[in-house]
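Dropping a structure here in structure tokens format, bear with me for questions.
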Amino acid sequence: MISLAGRDILHSWGKFVFTGIGLGLLIGVTLTMAGVYRGMVADGKALLDNSGADLWVVQQETLGPYAESSSVYDDLWRGIRTMPGVAAAANVTYLTMQIRHGRRDVRAMVVGIMAGNPGDPGWPPHLVAGRQITRGHYEAVADIASGFRLGDELKIRRDRYKVVGLTRRMVSSNGDPMVFIPLKDAQAAQFLKDNDAIWMQRRRTEANPAFNRPTVPGLLEAVLASQTVNNQVNAILVRLAPGYTPEEVAAPIRRWKRLTVYDRSQMEEILIGKLIATAAKQIGMFLVILAVVSAAIVAFIIYTLTMDKIREIAVLKLIGTRNRTIARMILLQALALGAIGFVVGKIAATFAAPHFPKYVLLMPADSLAGFFAVMLICVLASLVAIRLALKVDPAEAIGG
Amino acid sequence: MSPQKRRLMALLLALLPLLGLFAHVAVRSGPLAPVAVTVTTVESQPLNPALFGIGTVEARYSYKIGPTAAGRVKHLFVDVGDRVKAGQVLGEMDPVDLDARIRAQEAALKAARAAVRQAEAKAAYARSQARRYEKLLRARSVSEEQVAAKRQELAVAEAALTAARDEVHRIQADIEALIAQRGYLKLVAPVAGLVVARQANPGTSVMAGQAVVEVIDPTVLWIDARFDQISAGGLAPGLPAKIRLRSRHQQLFGGRVLRLEPLADSVTQEMRAKILFEEALRPMPPLGELAEVTVALPALPARPVIPNAAIREVGGRRGVWLLQPDGLRFVPVRLGRSDLDGRVQVLDGLKEGERIVVYSEEPLTPRIRVEVVERIPGVTP
Amino acid sequence: MSGQGILIEGLSKRYGEGDTAVLALKNVNMRVAPGEVVGLIGPSGSGKSTLLKCLGAVIDPTAGRMMLGDEVIYDDGWKVRDLRALRRDKIGFVFQAPYLIPFLDVTDNVALLPMLAGVSNDQARARALALLAALDVQHRAQAMPSQLSGGEQQRVAIARGLVNRPPVILADEPTAPLDSQRALAVIRILNDMARRYQTAIIVVTHDEKIIPTFKRIYHIRDGVTHEEAGEGRGFD
């Protein structure tokens, strides 16, 4: 027996392939949508992975440092470092801001990392070019997504930073590329006011008779100096010593240091559960709509293809072709269309993914699920056409 | 060839590239794709470690010149930016009643001198009287008692003369003190230097000890530099340094570590050191300007050296990924000193000639498939 | 092929029920011997198509009796269970428009029927090619139907009608789109084939050009057949 479906496809392969490519682009959009969601989750996880921390110590009763702002004193880490079960503790600051680079503004998350060695909590865990920060000031390691290159000079607030290293996939939960700079610079950048504000504050303080006392020379200077120092950070990253559970270490910090502590799973819950939940639902809705649209389009295409063949189907039935042979022909055509569509869609999505401004993660499992969904949709969509074909009266082939 | 076959060929021609692309996409992206890494060979090299700190430009010698007593500023002859010579009068305090007091003391001195002359006359008379009565006693014309009375008168007169002379000295000293005080009303430059601040204007009342004019020695500037404690090992006086000023950041100036402050800053966890400029800068940088300081430490002998980008943290241990014929292996290493270019000495754990991973696209695990490349994709040279 | 060819006795077909019922066929009697080609002639609405559909087992007659070869297929009800197989194996169809399957080449258009009946692809194609050779279109065996001329298409359609060696071929206006020369050629082929394969062929037509070629003609009018002798010209 020859394959009627195959012969029909062969006969009108142009129509088939182009329809399949059109369908494929739609499937590509669907796969990309799923990839956008996976990318958001991956961004959240990458943020946690890249921090190198097992515990996040933040201001009491906040969801910091990523989902809410948090600030703790920068000398607290020493006390935490000495608690049992803590292998390493490091201050860190996070600040999402616009970074000037030449004429362009790049939105980035500036991460302040404590002086130390590569591999410490908060430091970029691996690079794709350049080197880690060696100077205590004015050096930066930027993510490649920011578009910066080695040797570029960035302007963060009033200071210039030289890009000495590049990372990949170091992003905030929003997908903004990270820029790592030394903690002290980051503290200055985060809490330092602009020059105008400083001048205004100085004038205000000078006008305040409580601070500007002629009989106490030096008081005003002392007050002004105290206004510009900052000793706050956003969080303390803690790495556990082997053999300790997160809860064992977190409990005493919560109890005695009066700080809020999150472990990895809680942090994921905050980032993925709370921060991107709405976005995920939004994308989920899109996926449903796209699936319905895809199904409608496949159904329509298959229906049209079948309608074009109604005479032939009548003849086939008249000369004794079984219903299931005809049904199989239509079904196989639908599946072939789906397969072409899937292949095109997968290719399109893969090639389009790197061009998206935010990370698009195409998971093979998603693709596989997508393949079966496409096939299922094609089967369902072909049912309409099959029903039509089966209702064709062989008598129609006989004129009159 | 039959039309049917031709169609089949055409279809295959259309679908083959598609399938090829699909296979490429399936293998080169996602978990099947190898992770691009770059590798380097561990080499033994001498290391020139250096320290990096920031600080502010300050004058080594600064002089705050003000009156020793409370008073009002009368004149100021210099302004900020003026160069002054040693001994130059910079300004004057208002003497107020000082001259009147000197004149009064001078009048008192005249009176005291008159009193001295009077006492001298009295004493001369008393001496002559006493001598005459002694002769008379020898002649037995007066009594012993009368002679004793005259001797006592002489002693009184001489004592009065001494007192009058002392009074003259006292008043003279007072006058000298007032004149000296009038000298201190002059604000005099102790050294040649530059006026950097003028904190009061004529007419302002100032307290004793309050600075009116600040003078520095512009030839001797230093940087009050701060170094993070964690990377300040080896900082010592005498080490050469390179200084970069914020306003002239294209230019490097020579310097030398003068001394290490014995007190570190416990809040900022920084060590402080004074870095002297090798030669005076022209134009002089403003005091308080931010400067970056790179202190070169003595060169270290050759040892295995790796780039710091190769250092990873796995399971709480710091180490590097070794590229072996059968795949990747993580080896913990003990690290020594590093230089500012990101090269780190390895004390333990690596041998010369071993190949280690420097950059990687993704985090590495022992079982991951890697592809050694020149440059990680996406990095522009 | 042996037996009766086609035998129809007292066939009637009623459309609808009650007052609106229409009797399309009333007491149709026909007999076509194996190897014989008969014409079925009647004006539009006379019941030709209904008769053809009953005979082609695509609609149900109301009453009567039908035999194909030596098998009773209808006797006040279908006597065969698988009408599809009946159509496939026992009846060949040749239509006014050839209705070839556009996406199959000529060989496969013909070979499809034996394939549907379970014959292997090679055998079916061999049979089709033999038949195409007999019909003198073997040189177009690999062409697609759209590349054929009208006469060629009709010959391929005849080959398809014949390929399963049915005892009966029903030809519905097979010559309508053809000029007289080609129309006569088709009728000649049908006669040849009828003789060669001992097939009973009914040609429904109102084509004046070919009516004289039939030896026997059934006229149908208002659902009733009348048999008369034809001129039988041209092929003896």
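For clarity, chains are labelled A, B and C in written order, and residue numbers in each chain start from 1.
Simple rule for what comes next: a contact is a pair of C-beta atoms (placed from the backbone, for glycine too) under 8 Å apart; a residue touches a chain by one contact, two chains touch by 3 or more.
What you are looking at is a predicted structure, and each value in this text was computed from that prediction instead of being measured.
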Result of counting contacting C-beta pairs for A-C and A-B, higher pair: A-B
Remotest chain, subunit C as reference, centres from CA atoms: B
Intercentroid distance (Cα basis), subunit C paired with subunit B, Å: 115
Interchain centroid distance [CA atoms averaged], subunit A/subunit B, Å: 48
Interchain centroid distance [CA atoms averaged], subunit A/subunit C, Å: 69
Touching two or more other chains - residues of subunit A: 7, 10-11
Shared-contact residues (touching 2 or more other chains) in subunit C: 144
Sequence positions of subunit B contacting 2 or more other chains: 4
Subunit A contact footprint on subunit B (complex, rising order): 4, 7-8, 10-11, 14-15, 18-19, 21-22, 25-26, 29-32, 52-54, 207, 210, 227-228, 230-231, 249, 267-268, 292, 307-309, 311-313, 315-316, 318, 335, 338-342, 358-364, 375-376, 378-380
Touch list for subunit C against partner subunit A, complex: 44, 48-49, 52-53, 56, 58-59, 84-89, 93, 95-97, 99, 101-104, 108, 111-113, 115-117, 121, 144, 160, 172-173
Touching residues (chain side subunit A, partner subunit C) in the complex: 1-2, 4, 7-8, 10-12, 311-312, 315-322, 325, 393-395, 397-400
Residues of subunit A that touch subunit B when the two form their complex: 7, 9-11, 13, 17, 49, 52, 75, 87, 115-120, 125-132, 134-138, 144, 149, 160, 164-166, 168-169, 184, 217, 231, 239, 241-242, 340, 343-344, 346-347, 350-351, 362-364, 367
